[in-house]
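Paired with subunit B in one complex and with subunit C in the other, subunit A is shared by the two complexes that follow.
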Partner chain A sequence: MSAGGISAEPPVGAAPPPGAPPGRLGRYLTAGVFLTPALVMLGVWMVYPAVYTIVRSFFGQTGFLGTWVGIDNYKTLFTSSYFVTAIKNNAIWVAVVPAFVAALGLVFAVLTERVRWSVAFKTAVFLPMAISAFATGVTWRILYDQDPNLGAINALGRVVSDAVTPPGVLPNALPSTPALQPHGGGLLLKTPLHPGGVALLGLTGIAPQDMPKGSTQAVRPAPKAGQINGVVWRDFKPGGGKPGVVEKGELGVPGVTVELRSSSGKVVQSAKTDANGTFDFTNVSAGTYRAGVGASTFAKSFGGYSWLGTRLITPSLLIAYIWIWAGFAMVVIAAGLSAMPRDVLEAARTDGANEWQVFRRVTVPLLAPVLSVVFITMVINVLKVFDIVFALAPESTQQNANVLAFAMWQTAFAGGGNFGVGSAIAVFIFLLVIPVLALNVRRFKREI
Partner chain B sequence: MRRRNLRAAGAVVAVVALAIIVAAAFGGTSKGAVKSTKAQAVNTGVKGKVSFDGIWTSSTGQKPFQAVIDAFHKKYPNVTVNYKPVGNNLPTVLATAVAGGHPPDMADIAQPGTIKQFANQHKLKPITYAAGVLKQNFSPAWLSLGKFGGKQYAFVFKAANKSLVWYNVPAFKTAGVKSPKTFSQLLNDAKTIKASGTPAYSIGGAEGWTLTDLFENIYLRTFGPAKYNALSAHKIKWTDPSVTTALKSMAKILGDTSNIAGGTAGALQDSFNQSVTNAFGSPAKAAMVFEADFVGGVILSQTKAKPKTGFNTFVWPQITAGANAKAVEIAGDLMVTFRDTPAIRAFVKYLASAQAAAIWAKQGGFGTGNHNMSASVYPDAITRATEAPLLTAKSVVFDMSDNQPPAFGSTAGQGEWGLFQKFLEKPKNISGIQKQLETAAAAAYKKKK
Partner chain C sequence: MAAAAPAIEVPIPRERVSAKILRALARGPVQLVLLVIGLLWLVPTIGLFITSILPLSDLGTSGWWQIFAHPSHATWANYSALFHNSGLMTALKTTAYISVGNTVLVVVLGAMAGYAFAWLDFPGRDWAFIGVISLLVVPIQMALIPMFRLYDSVGLFDTWYGIALFHAAFGLPFATFLLRNFFIGLPKDILESARIDGASEIRIFLRLILPLGLPAIASLAIFQFLWTWNDLLVALTFGQNTTPITVWIAGQLREFGSSLDIIAPASFISLVIPLAVFFAFQRYFVQGLLAGSVK
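Coming up: the complex of A and B.
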């Protein structure tokens, strides 16, 4: 140590010899003066809140301290289903996210080394890191929207499913009377028909703007010998009208496929309706028949998966979160890769190892320290995860998506007003983070 | 030497890292502390200054309230009112400020449950000094809403009529139905509307409060104000047969999945705003929204529908003939005081006057029970129609969920809000939901430590 130099080194090592020169005391004093601001900041913003929170977790709901409740708050934490869900979800997060982020990061990092536009690719993958988690949440919320008209993911699903099974002309139509019953996706008239009969197939639940173009006033056809005829019409007029009766102002539905089934249920004839909704089956031999509307008319368009519903909400959150952090892992791992001795890889290749073996037996073991940095960072991040849950989960499924940090915020601040239990959760998160942190610090020391 | 120093440095790093984690975990606490010291900074007991933490922000009414303050300032030039727009986190900010011992002089609180907590903790000052002007302007039904433990701690300055249903006029016309007067008419009309090709109901089930409001109106119209208030105060249990009856009525709406815009699953993900745009956007995806007067504002700002020709409103239809059909459910902002100075007294009395109410009422988005303010002050026909009932209401009840302890009544995804969302998901499970409601309510009422 150069004499007279200012040193912030703590007084460790050899004890000052008795009768040390006064210069040493002066040095401690200077060090103390320089350390004070930092210590004050630490004390006010970190040590005091931490100690207060730990103490607070043993007291009741409100007030600066409230009443002493012992470990009741912690009991609540492990008994109420609300917190148990949060703990379970946190466990899922810890189990899934760090592994996936590290794995994806590794794959991206190794691949980007080999592609031509690697900088562009890296930028794209890293970009989510530059967006606030809240904005990410809002964006993904729209992507995940159940309505395929809004949510991009479900819109994709609709495109695919509509290509496979095209939607019918009247996806939302309903029978107007109980005489018309659901049958294999379509509708079938309950009453049997004979040649000379008339089938009245009334439908409702069709908005005026959804009516096929060119429809005209519905007509109830007159019975004809040797034929079964009928009408499919929008059995509704303002006020409801009389269900099952063709009235003035009610339109026929053109273009509907009507099927005639024999008594065994087999389709013997099918016909399309005209502009006024009428149809007829000619040359019907004697016997009992039933008429109905085919299933294809009512085929619904893909309605979308409920990504943000109670079942899928946690996986949906995990995907969005991994999307954010994969870029971080990629950058860190890519840095590790570029620092890796190439000659080892070359040697392995020379020895006849294929690319997979090189990757599995050489690259990954050499990258282990970097991978563990990513892994541990992610474990700590995930234990504290909050913002993505807050921004992405709709209120109706927040409870299913609950995690510890979110539960803490909700219990203490967002309406709960229970600072005791809130503090208990905070302490619990703290305890969970400590071992991971200790691991990190130990590794730090080894590397230095 | 070097190694040991490094170890010490490592220890420092560890402490700092721990501290950062702790700080991250407790971020909220320190933020609250900043706010409370700020509040203290503007109100060090200087006479003639009033600090006011309000829920209204620049987009939700800060301007008209500032106009009210300015008019007051003209009357009392030596009193300065400092309004701070806190927003919807106000109860949290206040709770933290009160816990820290530095609340603002005044605040407006929308949850009587929160006010009750503060009153029980003796953090509020009674406003009995304003009894004269309050009595002159408000009916006993209104004043009772601000009484806690028999003392007047607050009064409703701004109120919203929650006993309303909004409907899409063209959709009703297409279906050929008129605004229903009774609940059975409403259900019949809903069937007709469905047959006409539009789902009848639009429900913003992603936000639990829209569902509790629906339940509350049904309960109020079935059993009347007395029983409503008893349930509200948890003097009737949630397992009571009356709740069963009300939930059965509610299930007639929620269980009619194909008659709800987007079905049950869609409704659970629709926010309140979406529920409004569903019903009044073009093309309309539904015909009715069960919500308060403020729906009108959302329609005007987010859709192209025009009053009377595009949208209109009717009073929540009667369910039981015996129940008081004129009773109005309201939500509102209650004025409370955390200190008692001459300046605060002057401002409280002023806020209770018809003059103060008229300043905001003129600008719209405001309702009041101040019967000395004429309904003609309201800026348009729709507002007059929705707010006039407040002036003459003989019986006023406060939004039930706001009356409960916040843990039960107003926490997203939890308590009443969360459970009614579960009910929307499975409207057949009436007894199950009742049991869960009762358990949650009992826990919230017990936790008074």
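Coming up: the complex of A and C.
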């Protein structure tokens, strides 16, 4: 191989850099110098580990290889409930997140096209992309707190819930005497009443700050013919007081719904108490009645959903994750939109298509390649999701929130110490990603 | 065709007027909806920030939005306590070493490989390139166990450079892909005239390719920096005492409610740098994203 002879040769026709002076060998050497560092690194940190992990997945728990166990690790993966939960949850992630992210991104991208301040909107929605999934987990964990006084989402839930079903004036009140008994969420006086009777409905267990505003000294009304009246009052004063007796210093409870029931138990009349706690039922015909406090008075305020509890943890994670990635989809799709041939859209409009038809029949089909990029990217991301589960799910519900990457890490490193099963999960994730790899390589090849 | 043309022309002016009215009507609700969504998207981050400036005594009894009723409760005490926390300061330093170190490495190695794949001629070049970008989809999980063992035996475990090297390797396929595709679009005649003038490949790479490739290199650098700054999994696996900020905060998670005065400000500190980088280089970030991020 004489170097001089080669350099005298004419440049290789098809090669991109024609007329390279140092000759073929020299050119290969140069390429080697430029490529070797990257290839060595890829070999040591990616290719060797990948091969090792595949082999390792057929061996036992510890050691460089350990004992051969065949496909036992994979059997564990598909039979133990711990891993089955992870697989099921990951399936939910794949089913929900890419679709929602792509749909939200599409809607945002299309809507912002018509708005002047679209840059501000896009920045706000894209911002979570710069934040770590870990910090996002912390952030949403604060929002998801079950106590409506602490968690913003449940606070909002309380506003809505209390508007739909208002909480009672006395959610925590209790009867002051055994004569008043629980009845269908409310309270009912045991003693039967006849027209001219007086019902004394004494309550306790009401903290001073919980007393309805504007209440005044309770009054025991005088009996009236043809009426049944009575009083609902806070049967307690500093120092105690005598249960069942309206005393000085005890306050009437206003705004309480009082119900009068016939002997068959049907509600025949209802009334609201005044500031001094009194109420009356007029025009009561002869018969036996019973009086009581309606259930609505004791209706509890909204207690908050347990977003981080065993049942809602996965949906909560999905919401937070979609919050991160919607901006990514929006930006990619918006770029696709701006590259779209305007004349096609205009032609459709000119032909009389309305905006929805243009969107459905022209925009979306033209955007299909971009949408599929978003979709594929999200499938890969979701199959490897880890950080946000780690940060958002409290330890008590980590098992319920489990996903493959999390299960892999826990099994291999966090106390599990099982490299065999850990490797099997890694290989499983890899296998799930391979079809996507095939799609991508096809795309890259086209780009080359 | 000739018969159809006038039939189309007639409705156009009418359509345009009604379309204008419709569009004006439609714009109001659209703007409102976008405004609400935009604000909604900001709420979590704002909530984290406000939480971070409230004393722990407030956080146990009332939500962060109560600050609008009691603005005087806001305090920098949580932050000043953290800046005197040597654990967090060390973690921040480690985060910076890892992020900057691996970004430099990825840019240098990725640019070299990208140049080779774009402008140097050798057999099997395109197949080798496809091989490299195929590695894009190898999940990190595939390397955790073997590298954990290897790091342990060669002393890379629990070092910032061990973590940085791991990130660099997993960033390389994307870097090579991005830069190769950018370099191949550079004007061919500039390179060729440089070669005819007798410039060495190294010289061409340093004097021509790197300056001309700056936009793509910037995108890549920002991407890689944010990716590693925000990482949890790799550092959690290969670090023990030498850990970046995410792992440091993760160590506090067990007592979430009672450590919120540490967790919230520390999380906010951890996202200030990425946000600053993002706002400063938003254009490059988006470009990198559009170049086909499939990490």
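Quick note on the criterion: the second predicted complex is superposed on the first by the 288 of 448 C-alpha atoms of A that agree within 3 Å, B and C clash if a C-alpha of one lies under 4 Å from a C-alpha of the other, contacts with A are read in each partner's own complex, and residues count from 1 in each chain.
Everything below uses one rule, namely that a contact is a pair of C-beta atoms (placed from the backbone, for glycine too) under 8 Å apart; a residue touches a chain by one contact, two chains touch by 3 or more.
For clarity, every value in this text was computed on a predicted model and none was experimentally measured.
S.K.: Contact-wise, after the overlay, does A:Val433 reach subunit B, subunit C, both or neither (first, second, both, neither)?
M.R.: After superposing on A, A:Val433 lies in contact with both subunit B and subunit C.
S.K.: Between subunit B (first) and subunit C (second), which does A:Ser306 come into contact with in this model arrangement: first, second, both, or neither?
M.R.: After superposing on A, A:Ser306 lies in contact with subunit B but is clear of subunit C.
S.K.: After lining up the shared chain so the two structures overlap, which partner does A:Gln61 touch, if you call subunit B first and subunit C second: first, second, both or neither?
M.R.: In the superposition, A:Gln61 touches subunit B alone.
S.K.: Can A:Pro238 be said to touch subunit B (first), subunit C (second), both, or neither?
M.R.: The answer is first: A:Pro238 touches subunit B but not subunit C.
S.K.: Applying the touch criterion given at the start, work out whether A:Ala405 contacts subunit B, subunit C, both or neither, answering first, second, both or neither.
M.R.: both
S.K.: Just checking: does A:Phe413 make contact with subunit B only, subunit C only, both, or neither of them? Give me first, second, both or neither.
M.R.: In the superposition, A:Phe413 touches subunit B and subunit C alike.
S.K.: According to the stated criteria, A:Gly23 is in contact with first (subunit B), second (subunit C), both, or neither; which is it?
M.R.: A:Gly23: touches no partner chain.
S.K.: Which holds for A:Gln209: it touches subunit B only (first), subunit C only (second), both, or neither?
M.R.: Touch partner of A:Gln209: subunit B, not subunit C.
S.K.: Looking at A:Met46, would you say it contacts subunit B, subunit C, both, or neither? Reply first, second, both or neither.
M.R.: both
S.K.: On the superposed three-chain arrangement, identify whether subunit B or subunit C touches more subunit A residues.
M.R.: In the superposed model, C touches more residues of subunit A.
S.K.: Can you list the residues of subunit A that meet both subunit B and subunit C?
M.R.: 12, 42, 45-47, 49-50, 52-53, 64, 145, 380, 384, 394-395, 405, 408-409, 412-413, 419, 426, 429-430, 433-434, 437, 440-441, 444-445, 448
S.K.: How about subunit A: which of its residues touch subunit C in the complex?
M.R.: It is residues 12, 15-21, 27-28, 30-32, 34-35, 37-39, 41-42, 44-50, 52-53, 56, 64, 108, 111-112, 114-115, 120-121, 123-125, 127-136, 138-143, 145, 149-152, 155, 323, 326-328, 331-332, 335, 349-350, 352, 373, 376-377, 380, 383-384, 386-387, 390-391, 394-395, 405, 408-409, 412-413, 419, 422-423, 425-427, 429-430, 433-434, 436-437, 440-441, 444-445, 447-448 of subunit A that touch subunit C.
S.K.: Can you name the residues of subunit B that touch subunit A in the complex?
M.R.: 1, 4-8, 10, 13-26, 28-30, 89, 91-92, 95-96, 99-101, 114, 117, 121, 173-177, 191-192, 194-198, 205-208, 258, 262, 265-266, 268-269, 271, 283, 406-407, 410-414, 417-418, 421, 424-425, 447-449
S.K.: Considering the complex alone, what residue numbers of subunit A touch subunit B?
M.R.: Listed in rising order, the residues are 9-10, 12-13, 42, 45-47, 49-50, 52-53, 60-64, 66-67, 69, 82, 145-147, 172, 174, 176, 204-210, 236-240, 306, 308-310, 380, 384, 394-399, 402, 405, 408-410, 412-419, 426, 429-430, 433-434, 437-438, 440-441, 444-445, 448.
S.K.: Quick check on the complex: what are the subunit C residues that touch subunit A?
M.R.: Interface residues on the subunit C side: 8, 11-12, 15, 19, 23, 26-27, 30-31, 33-34, 37-39, 41-45, 47-48, 51, 59-65, 109-110, 112-113, 115-117, 119-122, 125-126, 128-130, 132-149, 165-166, 168-170, 172-173, 176-177, 181, 188, 191-192, 195-196, 198, 201, 205, 226, 229-233, 236-237, 246, 249-250, 253-254, 256, 260, 263-264, 267-268, 270-271, 274-275, 277-278, 282, 285-286, 289-290, 292-294.
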